[in-house]
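The letters A, B, C, D, E, F, G, H, I, J, K, L, M and N name the chains in turn, as written, and every chain counts its residues from 1.
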Amino acid sequence: MDSMTMIAIASIIISGITTSIGCIGPALGEGRAVAAALSALAQQPDASTTITRTLFVGLAMVESTAIYCFVVSMILLFANPFWNYAIAQATGL
Amino acid sequence: MDSMTMIAIASIIISGITTSIGCIGPALGEGRAVAAALSALAQQPDASTTITRTLFVGLAMVESTAIYCFVVSMILLFANPFWNYAIAQATGL
Amino acid sequence: MDSMTMIAIASIIISGITTSIGCIGPALGEGRAVAAALSALAQQPDASTTITRTLFVGLAMVESTAIYCFVVSMILLFANPFWNYAIAQATGL
Amino acid sequence: MDSMTMIAIASIIISGITTSIGCIGPALGEGRAVAAALSALAQQPDASTTITRTLFVGLAMVESTAIYCFVVSMILLFANPFWNYAIAQATGL
Amino acid sequence: MDSMTMIAIASIIISGITTSIGCIGPALGEGRAVAAALSALAQQPDASTTITRTLFVGLAMVESTAIYCFVVSMILLFANPFWNYAIAQATGL
Amino acid sequence: MDSMTMIAIASIIISGITTSIGCIGPALGEGRAVAAALSALAQQPDASTTITRTLFVGLAMVESTAIYCFVVSMILLFANPFWNYAIAQATGL
Amino acid sequence: MDSMTMIAIASIIISGITTSIGCIGPALGEGRAVAAALSALAQQPDASTTITRTLFVGLAMVESTAIYCFVVSMILLFANPFWNYAIAQATGL
Amino acid sequence: MDSMTMIAIASIIISGITTSIGCIGPALGEGRAVAAALSALAQQPDASTTITRTLFVGLAMVESTAIYCFVVSMILLFANPFWNYAIAQATGL
Amino acid sequence: MDSMTMIAIASIIISGITTSIGCIGPALGEGRAVAAALSALAQQPDASTTITRTLFVGLAMVESTAIYCFVVSMILLFANPFWNYAIAQATGL
Amino acid sequence: MDSMTMIAIASIIISGITTSIGCIGPALGEGRAVAAALSALAQQPDASTTITRTLFVGLAMVESTAIYCFVVSMILLFANPFWNYAIAQATGL
Amino acid sequence: MDSMTMIAIASIIISGITTSIGCIGPALGEGRAVAAALSALAQQPDASTTITRTLFVGLAMVESTAIYCFVVSMILLFANPFWNYAIAQATGL
Amino acid sequence: MDSMTMIAIASIIISGITTSIGCIGPALGEGRAVAAALSALAQQPDASTTITRTLFVGLAMVESTAIYCFVVSMILLFANPFWNYAIAQATGL
Amino acid sequence: MDSMTMIAIASIIISGITTSIGCIGPALGEGRAVAAALSALAQQPDASTTITRTLFVGLAMVESTAIYCFVVSMILLFANPFWNYAIAQATGL
Amino acid sequence: MDSMTMIAIASIIISGITTSIGCIGPALGEGRAVAAALSALAQQPDASTTITRTLFVGLAMVESTAIYCFVVSMILLFANPFWNYAIAQATGL
């Protein structure tokens, strides 16, 4: 098995695992935040503006960690520096 | 076992695992959010408009992490750059 | 062991694992949502229309993650692009 | 060990694992939903019609995820496309 | 080790594992449902008819998932299609 | 190592594991149900007839999952179809 | 390593594991039931007869799952059908 | 490595593991029961006779599962039927 | 590697693991019991005699499971029947 | 497989795993902080300024741990000292 | 690798693992007991003598399980019977 | 595979794992601390100065453990003594 | 790989693992004890002397288990009897 | 692979793992202590001096366990006795 195949396989495996494992935390964290927001709304409907705004800021922060994982996954699939180097080597030879 | 078979097998395995593991978190998070929305509705029926709207925004955020995983899974199955490169290599030879 | 057998085995294994692992989260999430709906109904029977409607929307969202897994599983069994490519190769030879 | 034996063994292993793992989630989710329904009935006996109806709809949704797993398991045992292909190959040879 | 022995061993192993793992969820779920029913009876003895009926329907739903596993296990032991095929092959030879 | 030894070893291993793992769930579920029954009795001693009857029905349902595992275990030890086939083969030779 | 040694080793390993794993669940379940009985006694000392009787029936049910495991373990040690067959084979030769 | 050494090693390993794993459950279960007894005593000091008696019966039941494991462990060390058979074979030769 | 070394190594490994794993449960169980005793003392200082006596009996029961593990560990180190047999064999030769 | 390929594969695997595992903790921690902020807002709407400010500082602290992981991941992909050394070696030769 | 090295390595590995794993339980159990003691002191400062005395007895019991592990660890390092036997063998030869 | 490559790979793998695993604890701990601070602010807005100050000190302590991991990770990447020694050896040769 | 290297590697690995795993329990236990002490101080500021004294005694007990692990770790690094024996052997030869 | 490389790799791996695993416990424990301190401050602002002092002592105790791990990690990296011995051997030769 040549080097390029191994780099390709490693990139495929890790790009999938990174996204899937990296989404467990944000999904649970966002679910908790949304649940708290709904309870807060039920308890204090008059503060809905502040609650909604804080919720959105918080969700954005939590979502950012999922974005990190998705970005790393995309880099591995479409802008992998090691794969590019290997292709350059293979082409140059 | 040649390179293309190995890339195919890795893509099959990871496309399934990515979707299945990536759905655990969102499903649990959404279940929690929906549960909180229902409790909030029972507690404060008058605020049902705000609660429902916040719930939908929140569910969309949580669902987005599941979508990420599904997208990566579909890319691996139907737009896999490493597979395309391998086919191009095999055809070009 | 030839390439087609290995692709077949990988597809069999992953199609089953994807569905089984992918159903744990939705089942637990839906169970929680239904439980919350029943408690909400017991607490506020007058809001049964809103509660039921919100429950159904929420269940649909949670069920969607299970559907993703089932779809990936079916694709691997009946519309597997790598398997089709391998058959095309075997036939063309 | 020939290819058909390996496909048969993989199908046997996965058909059992899919059903067994896929039943953990629904069983726990349904147990929770039934428990909530019984508490709701004890709290609000007058709403038994609504509670029972909502419970049945919810149980059906949760049970559907178990059905998915059972269906995949049955497909692997009795309508396995890879096994059928292998038999066709063996017969055609 | 010939093919038939391997299919037999795989069937033995999976038939046992399917039943044992598949019984964890239902046992816990039913235990929870029964516990909730008993608490409900203590809280509202007058509704014992409705509670008992709902409990039995719920237990039947949960038990169904255990039945699925037991059925798959029995199929693997006594109506295994791959084993039957192997015997037919061995006899036909 | 001949085929019969391997079938015997697989049967020994799985018969033990099936019973041991299959007893964890029922034991915990029954413990929970009994605990709830005792709390219910302390809370509503007058309903002891209904509580006891419901408890026994529930325990029977939970115990049934343990019985499934024990039955599979006994089948593997004393009525193993693959072992019988192997003995028939060995005798017939 | 001859067949009899392997059967003996498998029986030794599984007889120990079956008992040890099979005792975790019952011990925890009985502990919970006893704890609930003691709380119930403290709450309603007058119902001690009913509580004690229900506790003993429940403990017997839970203990039965531990007995299953112990029985399987003893069968493997002292009445192992595969070991007896192997001895019969070795003696008959 | 001869057969007797392997049987000896398997017996050593399993005798230790059986006792150690088999003691986790009873220790936790008894700790819970004792804790509940102490809370019950603090709540209802007048019922100390009934509470203590029920506690002792319960502890005996829980301890019995630890005894099972210890007995199996001792059998493997000092009355191992497979070891005795092996010694008889070695002596008889 | 000769037989005696392997028996020695297995005994060393298991004697340590048995004690360490076997101490997790008792330590947690005793911690819980002591905690409950202290809460009970704070709630009902007048019953300190009964509480202390019950605590000591309970701790002795829980400690007994740790003693079992320690005893097995010591037997394996200093009175190992298989090691003694091996030494007797080595000396006798 | 040459050294550069192995360094590339190790970097790919670890860059993905670092980001994905490193995002679980921050996502859960931030979700908890946001949930507490929303509950605090519902309880004391007048203190929204202090609450929001404290929340942002806290989220920044938690996010910093995710940033550490992302930075290590980027270093491994785009500024890997060992990869640079290997390229320098390969170029220099 | 000669026998003495293997015994040394096994002793090193197990002496460390025994102490480290064996300290998890006692540390958690003692932490719980101390926490309960502090809560009890805050609730009933007048009973500080009884509480402190009971706490010390309890901590001693819990600590004893950690001591067991430490003792086994020290025996393996400094009074290992198998190591002594091996040295005696090596010296005697 | 030469020594330098193996040291490089080990450094890459461990530098990533150290940071990612080492960030789980601090992220959860800080999330808990921030959540408690927000609840405290909602409960006692007048003590915001003391609460905020204590929170910052605490966050700094928790963050310090994440810093330790990050520092070790950076040392392994950029100031690895074993790598430097290996380079010195390779250069000196 | 000679014996001394293997003893050195085993000592390095275990000295690190012993300290790291052995610190999880004490850290959690002490955190719990400190948390309880702070709650107790808030509830009963007048008993701060008794609470602080009890806390310190308790922390010392919990810390002792961490010390055990640290001591074993230091012994393995700097006073390893097996390493000393190996050096003596190597020097004496 | 020579001895020095293996000692270097083992040191690298363990120095990272020791710090990362050893920081999970302290981070969680400190987070809990800080959270309790903040709740205590909100409940009893007047006792802030005692609470803060007790918190700092407690944090120092918990942090000490993280320090142990960090120290072992640094010893392995910069003052490793086995590495020094190996260098001395290599230099002396």
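The definition used in the following text is that a residue touches a chain if its C-beta (ideal position, glycine included) is under 8 Å from a C-beta of that chain, and two chains touch if they have at least 3 such contacts.
All values derive from a computational prediction rather than experimental measurement.
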item	value
Shortest path length from chain I to chain M (each step joins two touching chains)	2
Neighbouring chains shared between chain B and chain M, ordered by label	none
Centre-of-Cα separation between chain H and chain C, whole angstrom	43
Computed distance of Cα centres, chain E from chain B, in Å	30
Of all residues in chain H, the ones touching two or more other chains	1, 11, 13, 15, 17, 19-21, 24-26, 28-33, 35-37, 39, 41, 43, 55, 59, 66, 69, 73
Chain contact topology (line, ring, star, complete or other)	ring
Sequence of chains encountered when the ring is traversed from chain A in the direction of chain B	A, B, C, D, E, F, G, H, I, K, M, N, L, J
Residues on chain K engaged by chain M in the complex (per definition of touch)	1-2, 4-5, 8-9, 11-13, 15-17, 19-21, 23-39, 41-43, 45, 48, 52, 55-56, 59, 63, 66, 69-70, 73, 77-78, 83, 87
Footprint of chain K on chain M - complex, ascending	1, 3, 6-7, 10-11, 13-15, 17-22, 24-26, 28-33, 35-37, 39-41, 43-44, 46-47, 50-51, 54-55, 57-59, 61-62, 64-66, 68-69, 72-73, 75-76, 80-82, 85-86
